[in-house]
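Take this structure first; my questions come after.
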Amino acid sequence: MVLFLFRRLVVALLVCTAVLVFAFALTRLSGDLAISIAGPNATANDIEVVRKAYGLDRPLIEQFFDWVGRAAVGDFGQSYFYKEKVSKLIFDRVPITMTLGLVGLSIALVIALPLGVIAALNEGRLIDRAISLVALLGQALPSFWLGLMLMITLGLYLGWLPISGTGTWQHFVMPGLVLSFSAIPALMRLTRSGMIDAMSADYIRTARAKGLSRGSIILKHAARNAAMPVVSIAAVQLGFMLGGSIVIETVFALHGVGFLAWESISKNDFPTVQAVVLLLAIVYTLLTLLADLLNAVLDPRLRAS
Amino acid sequence: MSQPLIEIRNVSQTFRVKDGLFGKPRRIMAVDGVSLTLNAGDVIGVVGESGCGKSTLARVILGLQKPTAGEVLIDGKRLHDLSGKERARLIQPVFQDPFSSLNPRRRVRDIVGMPLVAQGGIPGSEVRSRVEAIMQRVGLDPAMGERLPAQLSGGQRQRVAIARALVLRPRIVVCDEPTSALDVSVQAQILNLLAELRRDFGLSYLFISHNLAVVEHVASEVAVMYLGRIVERNRSADLFHNPQHPYTKALLASVLTPEPGLGIPEIGLGDAMPDPSNVPPGCRFHPRCPVAISECATRAPVVTASQGGAVECHLVEAASV
Amino acid sequence: MALLEIERLEIGFGGLAAVRGASFAVDKGETHCLVGESGCGKSVTALAVMGLLAPTATRKAAGLRFDGQDLSGLSEREMSRLRGDRMAMIFQEPMTSLNPAYTVGSQMAEVLIRHRGGSKKAALDRAAELLERVRITSPGMRLGQYPHQLSGGLRQRVMIAMALMCGPELLIADEPTTALDVTVQAQILKLLDELQRELGLAILLITHDLGIVARVAHRVSVMYAGEVVETAPVAELFGAPTHPYTRGLLSCVPVPGKIAPGEPLGSIPGIVPRVGHGFTGCAFRQRCDLAGPDCEGTVPRRTLAGDHQYLCLREPTEIARS
Amino acid sequence: MTTNKIGLWLGAVIFVGIGLIALFAPLLAPQDPFQQDLTRRLLPPFWMDGHNPTYLLGTDQLGRDYFSRLIYGARISMMIGILTVIGSGVIGTAIGVVGGFYGGKVDDVVMFAITTRLSIPLILVALAIVSIVGSSTTVVVMTLGLLLWDRFAVVARVATMQVRTQDFVAAAWAAGCSHFHIVLREILPNILAPLAVVTTLEMALAILLEAALSFLGLGVPPPLPSWGLMIAEGKDYMFFSPWVITIPGVALCVLVFGINLLGDGLRDLLRTGRTT
């Protein structure tokens, strides 16, 4: 188990390193960063000044290691646009995005798990088809559009929820709902197929042959085994949701990390973009690690190896 | 005596397996220093329980796996010096599971003709006629060539697999549990067919099975494997009538012939199941052996000639001195 | 005295008739073997008795009685009270038949708690006692282990011990040794044989292996295409097989000493037909040397001396001559 | 015909229908989708009061015919969807098959590449790339094509590993077939079914992503009538003229829903096809 954890950590570190390289290369895609930073109206002289000021005249490799070296201790440099430390910019906005992600995941789980189980237990029947159809429809809704439509209906016409901003908990309901929609179909589908697989497993037949009650068969014997893939996908989905929050935060004007990322992208604020990409990658990696640990708790076979 | 058709010299095969992506790698000793010869026209039966390495041995002989140590000579030539095409003309497989051994997306005639096409340079018309001829020979209507494997019964699929193995007219066929997945009545059809084809085509078989009754019926010589080693080898009649190794005796005792009134035999083997990733020291059979002596746990027995065959057992060793 | 009586059992899956009027009875304390090739309906019959058929299957029977009680009228809830208590079942695949997520002890204990109530402690004590009974060493340690830590043979022993938790009268064993190595197979069969004698269990053993049948059965029923074509005490069946299918099947098995090596084995030509609803006559007629046009009509069940029944139009003397 | 067959057909009809609309857009569109007329801004569609029969679905904030823009928008979505899955499908399948076929160290590298790709935040990186390189349809297709290969790779890898262990592949080795032959004739035909399902999923995802990128102003550049861009342009008017965002949104939904139905139907068809 300890060995397993250690190996997982090594791979996670390697992945983060790869993302580090990727994030650095990403911002160099344009060829000359200085031109982008200086803006469209800059003279050749301005560009030279920028180049010097940001250290872009040094060899690429030196810039890279300089950046990595500082990123390793949490220093992502100064934002070009906000003129603030990137780490502070991000740190201030993490709570909003985390809240949004967790609200989204909670809504998704509350909706997807029961629906998936109900669909699985009624496999092939009308209710299963109906649930699958709704999931398909949910998958087809573009999140930004769904957000706008909810703003019009729930916000404007019905007046139930605030349209944008971050003041109260109500402000998180609509964006959380929209965000959850991106995860519900996948979670529902996996819960369904996991339950169907588990219910058709030989050990369920054994449980029935033992005369156990239906409740005990479903809740004790099937659900435990069906939960493992769902735990993995829930972690992955939370990662995707945090990444996808960029669209929703923009729509709802929530000043979280996603909104910051979008602003930095449109303002060519590369240190911030790099830092957010890296941060999200690390969070994603940690989430998958967490899912592995949870699965090891659920599955004695994993615990042993 | 002419040179043997297959000569297996001290072949070993180990695998490193990982449990999942990040599991701890384990070393599995699937085959451990096996030597065996197959003479032209013989059928050598290899028997043993699951995990004894008999299927790995088959894969090594077929050239599907490069052995970790040792070498295989076919018709005097080193297996790994042969090209894939040359090897295919000498030796062909028939596998156990007639469902996984045929590509579900290809038609029967393409499956049977595949070895011919792989040789290259054979005109299409010749491929077609040879495929039809061999299909007829194994008892399949050539019109079935248009079908997909899913449209055939288990016995018909196994006939397709046999036709594919014979279409190149090889000299050796490695049969890896060719009838284990079949019903008894179909098993009999396939065994009879294999016997006929051997006579007519002058084939030699390496016949792997866990079913001793089947092996006694088809094999002229038998090798018994346990945890990667051949523990006893002899002419079939001698081995079945006068087994030397305690494991062979136990295996023979556990054959349940359809004779009522005989009851269930007492096998007397311990519960320590063989684990190829954790081979016991000394004689690898000693944890389960009913007649083990103290020496068995410390020193590995050497191959001893006995009753016209070869045995690896301390008791036989002691008796022969 | 019959413990389990099955009369004209019919099971269908959509348009396919898996079992077509199978009848046989299992006496108290006897080992009854149901033998046949894949697809003959033997496993489905066992599942039907236990009430474990898939919801898509249809079951109909003129009689399905356990200890005099009509099973076909019982609700799922009432059936589940019987299962694991008075009738238990073990399966072919010991590797997948135990839940990988729970310990052996927990899976064994829940049977007793479900049917008899009582504390978990008492149930675990009973489990340990039974593990010892099925000759598992250090039962206390095994109770805390997970299925993946056990070998196939051990798992099947655990399955057997689990089936015995409530002291059932009937044990249905569906190909219990098919997935095991031959040496382990003999050990498991030996164990079943002993338990049967000591506990007075009735065992319905489903198998395709005539060797197993000959060694463990008191009585044998041969199934073909959803029908019991012959049923007889074991010595009678092997000594005087009467139905052409039974005779064909026995000739296919290589028996050391009976058929010389190299000699062709007997075989049954053709393949098992797929039988739909409304099929009449003998299902074996396309593969039978003795078949005539009359075999398309109703086939009688004939009774011979020695409690021996078979399903065929031909006289025993006629069959023996062929 | 089961309910799912109906879904499959409905999906196919939607997909092919919108494909045909995209193909014949110049013939179908009643007006020039780029023609502005500031005197006729934000006219309502036909079911509302004050509509103009010339403009079936009304006009946008620049007075362009909304119906014609919608039809031309189908071109962008279809093109992006199809071109992206061709690119990402080839990349992902190649990576996955190589990893699954060779196993060992090669597979470790493939797994590492997949894990790394998955840990990179998709939308954020796509936005950044388009922002840096400059927005155009080509850039969007290239970016999405280079990012959306992960699921192809995962599925192709697992499917290849399963097929590789089957005995018919061993028989092909024993028959002396080349690696190329084995991958092409024995393995690929047997992994196409799950890949077909992935193709529909990824096409739907690509279409939604393009819409999202365009909505955020970093996708297809104006004045092209991308549905996502139409929603973005209508956003400022949505509280007073909700149809300007409803219409392109519904179009997007219908197309993606159709593709999803198609994929779902295929998945079921292939699953039952295997058992019978």
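As written, the chain order gives the labels A, B, C and D, with residue 1 at the start of each chain.
Keep this in mind: a residue touches a chain if its C-beta (ideal position, glycine included) is under 8 Å from a C-beta of that chain, and two chains touch if they have at least 3 such contacts.
What you are looking at is a predicted structure, and each value in this text was computed from that prediction instead of being measured.
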| said: Hopping along touching chains only, can you work out the least number of steps from subunit B to subunit C? | reply: 1
| task | Write down the chain pair with more C-beta contact pairs when A-D is set against B-D. | result | A-D
| field | Distance from the mean Cα position of subunit D to that of subunit A, given in whole angstrom | value | 21
| request: Report, in whole Å, the distance between the mean C-alpha point of subunit A and the mean C-alpha point of subunit C. | output: 53
| remark: Multi-partner residues in subunit A (2 or more other chains touched) are 11
| query | Tell me, which residues of subunit B touch at least two other chains? | reply | 21
| note | Going by residue number, subunit C touches two or more other chains at none
| In their complex, what parts of subunit C are in touch with subunit B? | 37-38, 137, 151-154, 181-187, 189-190, 193, 208-217, 234-235, 238-239, 248-256, 259, 261-262, 264-269, 271
| task | Please give the residue numbers of subunit A that touch subunit D in the complex, ascending. | result | 11, 14-16, 18-19, 22, 26-27, 29-30, 36, 126, 129, 132-133, 136-137, 139-145, 148-149, 151-152, 156, 236, 239-240, 242-244, 246-247, 250, 258, 261-262, 265-266, 268, 273, 276-277, 280-281, 284-285
| field | Complex contacts: residues of subunit B adjacent to subunit C | value | 49-50, 153, 155-156, 183-189, 191-192, 195, 210, 212-214, 216-220, 236-237, 240, 250-251, 253-267, 269, 271, 273
| Residues of subunit D touching subunit A in their complex? | 3-4, 7, 112, 115-116, 118-125, 127-129, 131-133, 204, 208, 211-212, 215-218, 228, 231, 235, 238-239, 242, 245-246, 249, 252-254, 256-257, 260-261, 264
| remark: Counting only contacts in the complex, subunit A reaches subunit C at residues 201-203, 205-214, 216, 221, 224-225, 298-301, 304
